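These are the structures, in structure tokens.
The following pair of complexes shares a single chain, subunit A, combined with subunit B in the former and subunit C in the latter.
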Partner chain A sequence: MRERDTTVEGTGRRASPRVRRERFKDFLCVAPALAFFAVFVYYPLVDLFRIGFTNWNLIRDEYKYVGLKNYKWLFKGSGLDTWLASLKVTFSYTFWEIVITLVGGILLAALFNREGRVFAAMRSIVFMPKYIAISTSAIVFMWILNDQYGFLNYVLGAFGVGPVAWLNSERTALTSVLILTGWRVVGYGMMIYLSAMKGISRDYYEAAELDGAGALKRFRHITLPLLSPTTLFLFVTTFIASMKVFQSIDVMTAGGPYESTNVMVYWIYDLAFVQFRVDRAAVVASVFFVILLAFTAATMKISNKSVHYDS
Partner chain B sequence: MTNQALAANVRARRLRAAATVLQYALAIAIVLIVVFPLYWMIISSLKTSEELLQAVPSLWPAQFRWRNYADALAMAPFGRYFFNTVVMTVGIMGLQLVIGSFAAYGFAKGQFPGRDALFIVVLGALMIPIQVTFVPIYGMVAKLHWINTFAGLIVPHAVSAYMIFLLRQTFKSVDDSFLEAARLEGMGRVGVIFRILVPMCKPTMMTVGIISFIDGWNAYFWPKMVTTTSFRRTIAQGVYELKRSYAGLETMNQNQIMAGAVMAVVPIVVLFVVLQKYILSGFSKAASK
Partner chain C sequence: MRIISRKRLAVAALLVGAALGANAQSAKQYEVTKPIKIEWWHALESQYAPLVERVVADFERQNPLIDVEAIYQGSYKDLNEKLIAAHAAGVTLPAVTVANTPYIAEYGASGVCEVLDPYIKATKFDLGDFGSGLKVASSYGGKQVSLPFLISTQIMFYNKDMAKAEKIKLPETWAEMDSFMQKASRVSGGVTERYATVIPGWDQWYFETFFLNNGIAIVNKDGETTDLGAPAAIAVASKLKQWCDSKYAYWAYGKDASSVMRQNFIEGKAFSVIHTTSLYNMYATNCDFEVGMHYLPGAKTRDSEIGGCVLLIPRKNSQEVKNAAWKLLSYLTGKDVNMLWARETGYMPTRNSVTRTSEGKAFLAEKPAFKAVFDNLDHINPRIQHTAYTALSKIWMQELAKVIIEGGDVAQAMRKASILIDEALQD
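And then the complex of A and B:
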């Protein structure tokens, strides 16, 4: 390849024109991607905060700057109650999706951790739902959860339970959505844990067995701690993904009943495209972005101290 | 061996056999629960409306009504949805792979000032999802008259920071001597990337390509924002649109709605079964980084 002109770096001498041309060509390779991120990621983020200070809506074309009016609406005005309720639903959805992914994932990983083609096939089946469009699975689950003709209420009825109103009751709507979520994500958690478990050296287990540690003890004291980087990875990625939940809500509940499933992204969408209050949508989205960023940063910071790394 | 040791040995073996049986039983139970919704979808799609709504649901259709599929196709333009989805998905995948390969090469093997700082800019994009920025992006796309167009569906997803991240890791692991040899033979950057790096990293390229394809196929959020008519809607929206087209009569037409769901699910299940080894290796890679 071209010579690595390390002497030039640091000595302050100007690189030869040939070297500079090569560097420029290397830069050109990343330029399209950078231009894309500038136009479709970073500029919209800046624009989002700007729109929050205007009174733009989708009905009028012209708008003016109104200062903190939209922020006042959110923090002190009529938006506050909805915002707090939406935050609560979003976090509670996220909490349960994380629990299902981590706890369900590790339990299934322990259960399906067996050699052979039968288990390999079964693992693939448990993992597959993640790759089916959420909107389509949501419609199938709505049929299963139908209060009158649904299969789930039929089964519960056989045990003398119900009928449960599932998606039609504010008490059970979020649970109904989480049933779909559980079906989708638990196999993913399992697969991530299983691939990490493969990487744990047998030596640990053999040493522990010689010391007389039983299967549960080995799981508790070897597997779990050595999986903590994986748990962190799953925690952070599931957190970011589930805070953005939209598809299942849009199809199954449209935020209802009585805003009981009005998660943040659904609310932003509703403000912008149903109520045409783009200005308010922008403020809610801006604040949501700050919350996401703060939580992710905090998680990374805390976990850096408490995660076990093998070797 | 003493009798006592023999007895202990037998007991241990029985215990292990019991544990194995229990493991199989639990695993099979879980598989059945996971498969059930898909089974129910298929079974419901073949029932008559009367059978669909009977008090005790049947686990197997008494009478197969294949016409549900034809009826579903008559209610919603599934052909159109499939066409739109294929064009959008292939467009996104192609752009992501080409632009991503160039960028990954630049960040893995290139030499230019500010390279690592700019890579942080790429990673930062992972923290800014379209679910946060869709309002301004929508404004931009509307100004370009891209609503209800393939450009509107494809371009905002044309580059994936995640893919650049994974490809960069893989390209880094290729020894420089291969690239130097290619350069000595007079190969330019494009040749080095697409005739040396990409073929050498074929498994990763396959994996990221397939994941991009599946993500595109299932994309819902942005296609919903940028399409207003069924003319450019995609299959992930299609079943929902089908359901809505029965306005008020959804329950008695669940068989047709489920037929639509089957048509939407089958391609992706086939793809998953055929290509699962790439999908699986893909995210064990992701998890270990």
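And then the complex of A and C:
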């Protein structure tokens, strides 16, 4: 059995009882957090993988281990088409949410990066939707986007356009959900970029101005590179959050019409709680977890090479 | 001879005594002997809160040892999620809960519900007073796993004033639907001013009755195949699409389809809508015209199906809780309370002692539109029970809606649906 290392770091000498007591105290400080993670994160995660090898339906007490049967259903059976379609919808949603957050956020931040009450008020207005519960906003947007009684079609009708079945057509349903998403997230992107912009030293801009650089050049060669750590942060957090989108889909479309908004988390929910196939839901969730982990790790690795830190 | 008779009498008396004693003993084991607080989960929206409070208060007066907390848990779907999560965890279970009728097959098969037969026998609960269809709908595998509570069926609500003014004859048969669609709709220059009817495509329960009445087996006797890909089913689906393409009717689909459909009817943009009888009060209150109810047209048969919810006791509760739950369950499904639900909601009376007596007549005098339902009580059948029915209905709804709304070949869509459904049934 491997013995616990009780030496003083780097010296090879055995740590004194005082140092060991200190270490134990340190451990006690993090123990509650570790216990929390163990119970609420790691145990469910391990159990998720285990359930994927069973035929449990969540409500039956007994179940048996079925080996790779659920994985075969996903990769070779009737689950494959839905899985691929769901992956496509999820990545498509994520791509557009990232674009809206990053591009919309940075443009609004550049626009509102000024002092004064009017700009402060405008910043608040743009950021405000983030504070409103998704379910509440989703219900309001359902009314706005309703094809027969909706406000948007009423406005479009005044210009001789429409009516458009925003939420009820497979061509427009995902776009409709993205309208709500954009309205909610763009202010968040703006605020994060704004705080990062405030942190960029004025010296760079003054030096560039002396060298004759215009506003666009200063933005391109100073602001954008120095915002890259913020962009990376926003990219990774938005990527993870948008891949897990659920609430707006649940309220506005329930994955429809015809599965055109059937994002991965909604499909997992549907399998577990509507179709009572928690075994299959566990497999889809496990594979999805691995995909998310791989993408995040790859993003971090690639981005580390192109992120500029103002040190 | 005389001595033998006395002996026989004595033995008979002993047997009767023993039987009575045993019954009293078994009834006693379901008694509530000390104060207990229980939860009742329901899906009755806020407009019914005063009624729920009244019923619970009355029950508590009659059963001073039992304190009931009635909790609104959202829609049937929301309630199902919470119930199965609580069941899987084995804690925070309600003593009594409602459940939408299609869930009973899976709940029954998975042992979510307490089997009620011993309680019914021991307390001499009058189960026979429910119609046979209702008993089947609330049981699984021959065991009574729930009791009928708020029961409804599919119906066509129509604008009675409009029907009188324009002499619109309501369809009695599937064959009469074509002429009804033309007569009741107003289509001008390719734009619909008024739909003859709106068909709810968001829930297959509403349109499956058209297929069933045309003799199509949605789940065959083998339990593993469907006839939805057969020519007869394709013919029904084609007819539905034809009416929608002609703009006589529209296929209500999507998350807000139900509210849009109601609004269309209330505003007179639709002559009729196919919906559940439970919404009679809602329509009658909100429409500024007289609302009629018409039993759906028939073909080979003219049947409809049971909808609404049943009441059950989750099996994983302690016996103490189950005993209190049984008291509440028998109270809530009792004749008097049932009439209260029927009067103040749009649900139907469920007991024969109401529907087939003077009380039924009094109810009809109050709500004459329900005659369409009362005249067809013997034709209201239990829903199809299959553990894969949720999967089946999702596939069917999607494929049918897609071909009707977005266009395409009906035969191809129905055959595709049928292949996917067969897979789901066999899975």
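For the reader, a short list of remarks on this structure follows.
In this section, the second predicted complex is superposed on the first by the 285 of 311 C-alpha atoms of A that agree within 3 Å, B and C clash if a C-alpha of one lies under 4 Å from a C-alpha of the other, contacts with A are read in each partner's own complex, and residues count from 1 in each chain.
The working rule: a residue touches a chain if its C-beta (ideal position, glycine included) is under 8 Å from a C-beta of that chain, and two chains touch if they have at least 3 such contacts.
Because the structure is predicted, anything quoted here is derived from the model rather than measured.
Clashing of subunit B with subunit C is the outcome of superposition onto subunit A. By the document's definition of touching, both partners, subunit B and subunit C, reach A:273. By the touch criterion stated above, A:285 is placed in contact with subunit B alone, subunit C being left untouched.
After overlaying the two complexes on the shared chain, residue contacts for A:149 are found with subunit B and with subunit C alike.
In the superposition on chain A, A:57 makes contact with subunit C only, while subunit B stays out of contact range.
Once the two structures are overlaid, the count of subunit A residues touched is higher for B than for its counterpart among subunit B and subunit C.
Applying the stated contact rule after C-alpha superposition, one finds that A:252 touches subunit C and leaves subunit B untouched.
Overlap of the subunit B and subunit C contact sets on subunit A: residues 146, 148-149, 251, 273. Contacts from subunit A toward subunit C in the complex involve residues 57-61, 78, 142, 146, 148-149, 167-170, 251-254, 256-259, 273-276.
Contact residues on subunit A toward subunit B in their complex (touch as defined above): 1-2, 4-5, 22-30, 32-34, 36-37, 40-45, 47-48, 51, 108, 111-112, 114, 119, 122, 124-129, 131-141, 143-144, 146, 148-149, 151, 154, 183, 187, 191-192, 195-196, 199, 230, 233-234, 240, 244, 246-247, 250-251, 265, 268-269, 272-273, 278, 281-282, 285, 288-289, 292-293, 296. On the side of subunit B, the complex with subunit A involves touching residues 23, 26-28, 30-31, 34-35, 37-38, 40-41, 44, 52-53, 56-57, 99-100, 102-103, 105-107, 109-113, 115, 118, 121-122, 125, 127-129, 131-140, 155-156, 158-159, 161, 164, 176, 179-180, 183, 189, 193, 214, 217-218, 220-221, 224-225, 235-237, 239-240, 243, 251, 254, 257-258, 261, 264-265, 268-269, 272-273, 276, 279-280, 283-284, 287-288.
On the subunit C side of its complex with subunit A, the touching residues are 77, 80-81, 84, 87-88, 106-107, 110-112, 253-257, 260, 263-264, 387, 390-391, 394, 398, 401-402, 405-406, 420, 423.
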